[in-house]
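As written, the chains take the letters A, B, C and D, and residue 1 is the first residue of each chain.
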Amino acid sequence: MSQATIAQIERLTGEQLPFAPAHGFRLEALDSGTATVRAPYSNEFLRPGGTISGPVMMGLADYAVYAAVLSCIGIVELAVTTNLNINFLHRPEPGDLLAYARIIKLGKRLAVGEVEMYVEGEEELVAHVTATYSIPPDSVGSPISKSHRTER
Amino acid sequence: MSQATIAQIERLTGEQLPFAPAHGFRLEALDSGTATVRAPYSNEFLRPGGTISGPVMMGLADYAVYAAVLSCIGIVELAVTTNLNINFLHRPEPGDLLAYARIIKLGKRLAVGEVEMYVEGEEELVAHVTATYSIPPDSVGSPISKSHRTER
Amino acid sequence: MSQATIAQIERLTGEQLPFAPAHGFRLEALDSGTATVRAPYSNEFLRPGGTISGPVMMGLADYAVYAAVLSCIGIVELAVTTNLNINFLHRPEPGDLLAYARIIKLGKRLAVGEVEMYVEGEEELVAHVTATYSIPPDSVGSPISKSHRTER
Amino acid sequence: MSQATIAQIERLTGEQLPFAPAHGFRLEALDSGTATVRAPYSNEFLRPGGTISGPVMMGLADYAVYAAVLSCIGIVELAVTTNLNINFLHRPEPGDLLAYARIIKLGKRLAVGEVEMYVEGEEELVAHVTATYSIPPDSVGSPISKSHRTER
């Protein structure tokens, strides 16, 4: 079960990751360790040929991992990205982008997430991302699910 | 269907990636775009506490992607790694390591693979890797499956 | 000597990387294989506490590498990022961001650039980035400086 | 000034990173936040064509960052790599490899290092690496140089 609700995360996002609401990103699904975020198709994202800009895709992936981290640790301010690696795989066709994030490691101090990004209705991956978040030492959010949390 | 057999790849590996046979890596399964490689548990890999060394895990992941690339393009010499990104997630317990690779992009010039690495019988990911291979311009290997090959 | 002028690159950027002018990024210096890009401090970038958003920093680095690539190969459309890896090192203080890019490999098909990012007047690195660009096969831009171009 | 001597680090390396001495890596220079490691040319590294294997280059870079981290924090066991990203830039010619590492961020919990790798006497970069080390919470090594240590 998620340790935070979509509404709680969206409220925190407005303060902590304003890039996300500014680009219309919507957190659509959330479970313990997973999150789905949608970037609605819109002209402001376009590159010539209808291709969505790289930084927008990076921001979308970052937000999806952020939400997936909070789904594990609850509403914790100041969780910050320390590393993000993106492979751009195919030029996205026009259409909404969907980022599916899942947490692949949750430690006391670091969480690592993986994101697969698609254009809605298409089969090809447009991008693959891994991102690491640093978790503040005295995270006083909701209790942390034992099953996810491991040491390193 | 794979464009190369396990035996063909292992023969090429002996010449091109001698690190793999030198460490006892075994290509155990192969299909179009996927490969499974095993690193048998052995003392020479150990770090104190029974932990397998990082470079061995990187080499294992690299070999798994290599095999998965060849499963798509056939026996092509000189395919070379251009980028590898590894996240070390959990210290591996003693035991055989298994690397599961899948190709997430296959272009004319670049192939990108993703690897999940586990200790056999354990549930936790010990490492996650993405790696990019450069494919030589005039690859004269087996015909390339249309379904995988895409442009960028 | 750069194979493209700042004015030429800024014109292409308006079409190819609209994220850059939309965020006020300015290409300030250009030489063969190097580029400096400025992100003027502005409220729209802010996170609470005055921190500039991660995706903006990624976009800034990407643009700096793009310009440095074009400084080597001339005005070539369709050069695209295939991989970007960013380490966020220190929270940027309020102030203009400066991204210093240099090309560390220039091949026929791939160029790799490295970026160091600072807040103007500060000594600490705020981010370090490596990015790979794919160069189209029949680049018909300006002649390519022999000294940079190498094979892999 | 380095917080550890070459001899101290080599002793710890024998226990913690046995891959390094097993491949003949030698820590040649050390200062506060920097380290130089040599991989002597030897047949066991070879790939056909005289090219050194990728995993050996990754292991060399990892060791160089490890030494540079210890130069800042002193002799601390259990510092572990959490992420490593390598770009392979040029095939190394026969010859000794030299890895030059420098710490680009030193926090309480994470240190990030960058490595440039050359064949001795050659001008081209053969590889570029960034690696992140996790530093144990109660590092009881030598005092930590204030000037390097920063928060994130």
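As a convention for this text, a residue touches a chain if its C-beta (ideal position, glycine included) is under 8 Å from a C-beta of that chain, and two chains touch if they have at least 3 such contacts.
Note that the structure is predicted; figures quoted are calculated from it, not measured.
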Return the chain pair with more inter-chain C-beta contacts, choosing between B-D and A-B.
B-D
Relative to chain C, largest Cα-centroid distance belongs to chain B
Rounded to the nearest whole Å, what is the centre-to-centre distance of chain B and chain C, using the mean of the C-alpha atoms as each centre?
32
Geometric centre distance via CA averages, chain D-chain B, whole Å
24
Centroid from C-alpha atoms only, then distance chain A to chain B, rounded to Å. What do you get?
27
If a residue has to touch 2 or more other chains to count, which residues of chain A qualify?
80, 82-83, 85, 87-88, 91, 132, 152
Residue ranges of chain D in contact with chain A within the complex
80, 82-83, 85, 109-110, 132, 134, 152
Counting only contacts in the complex, chain B reaches chain D at residues 15-19, 22, 44, 46-48, 53-56, 58-59, 62, 80-88, 91
Complex contact set, residues of chain A against chain B
85, 87-91, 104-105, 112, 114, 124-125, 128, 130, 132, 150, 152
